[in-house]
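Structures given as structure tokens follow.
Below are two complexes that have chain A in common, paired first with chain B and then with chain C.
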Partner chain A sequence: MDNKEASQKRLQAAKALNQLVFRYYQECLEAKAQGKPVGWMPPMNGAIELFYALGLQPVFPENWSPLCAAFGYTPENFRVSEGMGYSRDLCGYLRNIVGYVHGPMKEGQWPLALPEPDLLLSFGGGCVPAMKIFHVLEHRFPQALVYSADLPQVAAEEVGEHHLRYAISEMNRLIDFLTQTTGCKLDMDRLKETVSLSDRASALWDEIMAYRRFVPAPFSAAEIGIMFVMVTRQGTREAVEFLTQVRDEVRERAQNKIGVIEEEQIRLFWDNIPPWYNLRLLRTFEKMGGVVVAETYSSAWSIRLTDDDPIKALARKSLLSYSQVSCVSIKKRRDDVLRACRDYAIDGAILHRNKSCAPITLGQMDIQKALEKELGIPSVLIDGDHMDERNFSRGQFQMRAEAFMETLKDRKGL
Partner chain B sequence: MMNKIYAGIDIGSLTTETVLIDDQGAVVASNISSTGPNSRWAAERSFRHIQKETGLSPNRITHIVATGYGRASAPMAHKTMTEITCHARGAYYLLPHTRTVIDIGGQDCKVIKLGSQGNIINFVMNDKCAAGTGRFLEVMAQALEIQLADMGPLSLKSQQEIAISSMCTVFAESEVISLVAETRPIEDILNGLHQAVSTRLVGMLNQLGAEPEVTMCGGVAKNIGIVTKIQEKLGLTINLPPEPQIIGALGAALIARDLVRKAGTHE
Partner chain C sequence: MKAPLLPFQDWLEHYQEKHRALSAQSQFIGYFCTYTPVEMIHAAGFIPVRILGESGSLEKAPSLVPSFICHYMRRTLEKALEEKYAYLSGLVQAYTCDVACGLINIWAENIRLDFYHTLPLPYNRTPEARTYFRSILQEFIEKLNAHGGRLSWETLDQSLQLYRRIRKLLWILYQKRAAGRLNLSAKDVLTVVLAGFVTPPETYCEHLEILVQDLSNDERMDGPKGFPVLVSGSLLENLSIMDALETLGFRIVADDLCSGLRSFYPVDGQGDDPLDRLIDRTVHHFPCPSRHRARDRFPLLMDLVRGAGAQGVIFLPQKFCTPHLADYPLLAEALNKEGLPHILLEMEDSGLTEAHRTRLEAFLEIHGCK
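Up next, the complex of A and B:
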């Protein structure tokens, strides 16, 4: 009953998203079958647009991980990687990918799968596990050709001309690598168009996020899966068309005051990556009148590509992407959370103490204190893991979530 | 007009408490029993006992609020509230100067910061691990073959504190067994255990910016060794309610009364 009622209030675009996810992974497999070069890469860098412009097939193992979590594939992947000696204290994305490529992928046991890579691209500049995954992949797929850049990890506000020059040279080196190894020619007009589509998607993303300032919020963090296109489809018409559909629906809902639940009483912020294996957990708050209207993660996708030179635009994006959320100073993390809490009229913040991601979890104590001191916003720490359900306790979550909602409602006299 | 009776049931991981109060908020009866393997049975059993003790029929009880980990399993409850809210309500009711509530229960520790009206400002809880909780102390008492109730008084006789480095229940138990094998005095081992538990708790108090007065409830508040350690670290005296274990159930009963009164004013 609860599920039915809740789903009726969800975005219609969520249905289109399911098809889009399935189509993308089918496309990856078909590309391989047709002999199209397949490259595995970390998300959030300029190689995505380059791949689409060259007609190559990009695959994102990091995106595959949340999908595995949602489909219940992770226990098997973790079993394999832990059997190889990988510690449970390591990043869940890393353990999942390592386990997948050494276990289920070889056996082809699931309907959805990744095609083997012809190319492996590693950029540097990201978190350590994101780079280490590619070290493992090099050993697992020795036939794949490897491109490895070492972009510096620079705070967004510190990026200088010399960083940009270096990133452009690395981008040109990547273009040479891809054109020489695959025989594809780079059409600059096509690249410009791809970059322009990517920028359009970012602009739409910003617009969609801005509608969440409306009360009631037109959609919640439970539907943040729409960012799938920002990870895998940047630079395609498909992404722009999908986001336009989302924008239109969200705008209509905002204007007509259609929220996620019957009566939005409490507006919540979610800090850190959500538990991909169970986004339904957010319904615990919804049943008590609370909606998670904003989260840390969504700001990672807002990178506008406004440079006239598309290669420069992609170089800049590659420098900026990781310093949006996961590789930032504690001060920037704190400032970002506080700004979001102000912008979205937040009543309370949920700080997900994520065992799988130390870089994002670091600084949550400072964030908690700053929220209370500077904005008078209470917060609750929820222990968990964005990938590994074994690091999550349902009973503890339920108690903390309900106690937090009781406190917030009492504060508002509800 | 007959005095109304309200009930609060706190179904915790180790024990279940039921408290009955009257319209004036006075405790009419209370009951503490072990939860056992089934929360529903525990709630029913505790409720049955208190009815038998007081001779009150179920329909004499105007409103019932359940709390604790098993709160959803109490079939007789009209409403459920979390133990954070109930402990805050119960502690503030008994000791209105309370601004910080410590509750160490069977499987978690909570620190709750209160405003001057008893409103909850914020709270923190231990992480997923149950180290330093009532269950932790039970395991250690078993390892040392002493009664839970004797842990506190015995630890106060310690001449030397032994550092217990691990807070993991399993590892700490191994450490304790090793210390027993070394024939170290039980009093000193207990002193070390209490030191470890209190250090962890004081870390949570600092995290929240706890302010006096501090009131402690939950079963572990009966352990004078831990209470003493926390007092030493905080440099202040901790309030201890006469029966710290029933504060959650008392808070639930008071909330039951609040709800009835609120509904009455709306009629």
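Up next, the complex of A and C:
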């Protein structure tokens, strides 16, 4: 497979996305230069909206890793972290950010960079590698003020009032910490507006994804980078404007039956985080008439904020997020995958057995069985890693992808 | 082997037959992790049994879980698929590592038991965290009682007292070992602790009382031999590893294993009512890397090192164990600053490999003669 092959990004919005990504990281550096407090935090929680409402600058080290993978920075980061004793069996996000902050970041050798944190939202309540990333960051940036966050790791379908009460109390504790340490005051009207913008972004996201039910699908998983705004910009007008632009373009493509490839023969589902270092792999399927029209990971970033109380809404969002990208409820993930496969008229599922993420990979084989048993949808397991290309075999991938596509075409009489 | 040790060995080797025989009149509830409130399970009238992986092959589990999770967790599933845990009424998991969380859900998808339950424990010790902790324990009480349990304040108090006694007796053994007066091998100590995971607590307590009494009359008089080390890691079940370490010339004087000190320390907690005492003990549980910072673990590790006179640390985590492997570089850095030698050996099923032995011999040659 040619690694230099052109990416199959076809949305005009892809160009706007590149600018948005660059602008965001510039904004992070400028914030630091201007003395605006910079806080590093995990994604997928209500602290993001809170930061924007308070006028603080959020930075997401976890999101930095896919970017490093896309730009080819990971080998150097891995070299540094593995040299420090971090095992190759650990999550690639962890090894990448640990390597970055102890190596290239110190040396300032890349055009894109992260500013040093003034605040660290170090948390218990997500996956263990994400928690451990922040433990290392605390050690690396001893001058940063640390907030030890806590969230119940509970299945979405089991969230009860007691979990919500605790999440709200944690949100209030975070507000106290941020206002006391930065001197910023929380304007409730501004918070409500931020939460409203975040909810609007989620609604737009759902609408965009729904257009992928059209045949042919107006865009594929190769465009998954648009997720960047859902990770880093939730609660901003910029996210809503960008997603509106994407929605308009996608709607037009769907209505005019403009697909990803000339003839969409096979509709595919992707389970687990994609290989950030090479989304061009999806071309393998496209060359054989297959398009990835839905995936688990993109659906995890849209949580509607419908509570009247913005703090309660953010607490609920924080509670529900973890369920989407973990194994706290395999039942819910299975139900979500089955529903998506029905809704998007999926012919076959690609299950990425991802060495960098045990929490999402666990339960995948149960999902595979359910797909076959309940919907008669075949699937293929692809061994890989969302960050570390060394754990991925191109030859094996190519062979499995070709065999899988042949099977799917035979079933459809193509 | 000393006579008072035989019951521990017997339980460890034959617990599944014994459980099946007992299951006519008793109900068992399984658990993976030592953060699970076993006192509550016991107070509800069930016998808590920790799910052990044991040495063995993997035939069925690979169809449900990937190869890049620890051997222990894969083996627990293998045994469940072989119907070795069909006698359990339920399985309970306190959320610690991600893999254990995934495994209980995979069990739930594939193994029919009356109930499954995960306790989403708080990470903090704030008053709000304790209030929340209480609410999830109350939810757990309701679930236990809905499945035939009969937990009351009185039964919980009795169970707390029983477990307090057990933990105190184990702590006596550990203190003797740290002082160089324990006349047991490292393999014997591990046997005693592991047996506690699978023996009904009343029976276990009786055996411990006899053992501790016997050892108080039979203290080691010949002076310590071997290079004193602390063993750090997760769940270590392979008894041969302990024998191998001693044969190589090490003397294990302390540990922070999940199948060692971390399973019983501290012995109890403070509080106005039984639930508060249980909460207090859990939040002060000897820290597991799946929930705590290396920075917070290190001083406690050093307390153990100094208290027992250890001159080195052997890290024995399970291969693929994220919590331990992620903490290792920070712990190693801190140990280097203390001038304390250490070595990391990732464990799979086979016990110590030849490569492990060679590295240990080299470690001993370099540091053992100082």
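Points worth noting:
Here is the rule we go by: the second predicted complex is superposed on the first by the 403 of 414 C-alpha atoms of A that agree within 3 Å, B and C clash if a C-alpha of one lies under 4 Å from a C-alpha of the other, contacts with A are read in each partner's own complex, and residues count from 1 in each chain.
Please note the rule applied: contacts are C-beta pairs under 8 Å (C-beta built on N, C-alpha and C of every residue); 3 or more make two chains touch, one makes a residue touch a chain.
Small disclaimer: the values here were computed from a predicted structure and weren't measured.
Once the two complexes are laid over each other on the shared chain, residue contacts for A:T407 go to chain B alone; chain C is not touched. In the superposed model, A:Q396 lies in contact with chain B only, and not with chain C. Looking at the shared chain after the overlay, A:K192 reaches neither chain B nor chain C.
Touch criterion met: A:M365 reaches chain B and chain C at once. Using the contact criterion defined above for the overlaid structures, shared-chain residue A:R140 touches neither chain B nor chain C, since it reaches no partner. Of the two partner chains, chain B is the only one that A:P378 touches; chain C does not reach it. Looking at the shared chain after the overlay, A:R353 reaches both chain B and chain C. Using the contact criterion defined above for the overlaid structures, shared-chain residue A:L90 touches chain C, although it does not reach chain B. Put chain B and chain C next to each other and count what each touches on chain A; the higher total goes to C.
According to the touch criterion, the shared surface of chain A, contacted by chain B in one complex and chain C in the other, consists of residues 353, 365. Every residue of chain A that touches chain C in the complex is listed here, in rising order: 84-87, 89-91, 94, 123-125, 127-129, 132, 135-136, 138-139, 148, 150, 152-155, 160, 162-163, 165-166, 169-170, 173, 326-331, 353, 355, 358-359, 361-366. Partner chain B is touched in their complex by these residues of chain A: 353, 365, 368-369, 372, 378-381, 383, 391-393, 395-396, 399-400, 402-403, 406-407, 410-411. Remark: chain B residues 69, 81-85, 108, 119-125, 127-128, 207, 209 touch chain A in the complex.
Chain C meets chain A in the complex at residues 63-66, 68-69, 95, 97-99, 101-103, 105-106, 108-110, 118, 120, 122-124, 126, 128-129, 131-132, 135-136, 139, 290-291, 293-295, 319-320, 322-323, 325-330, 332, 344, 346.
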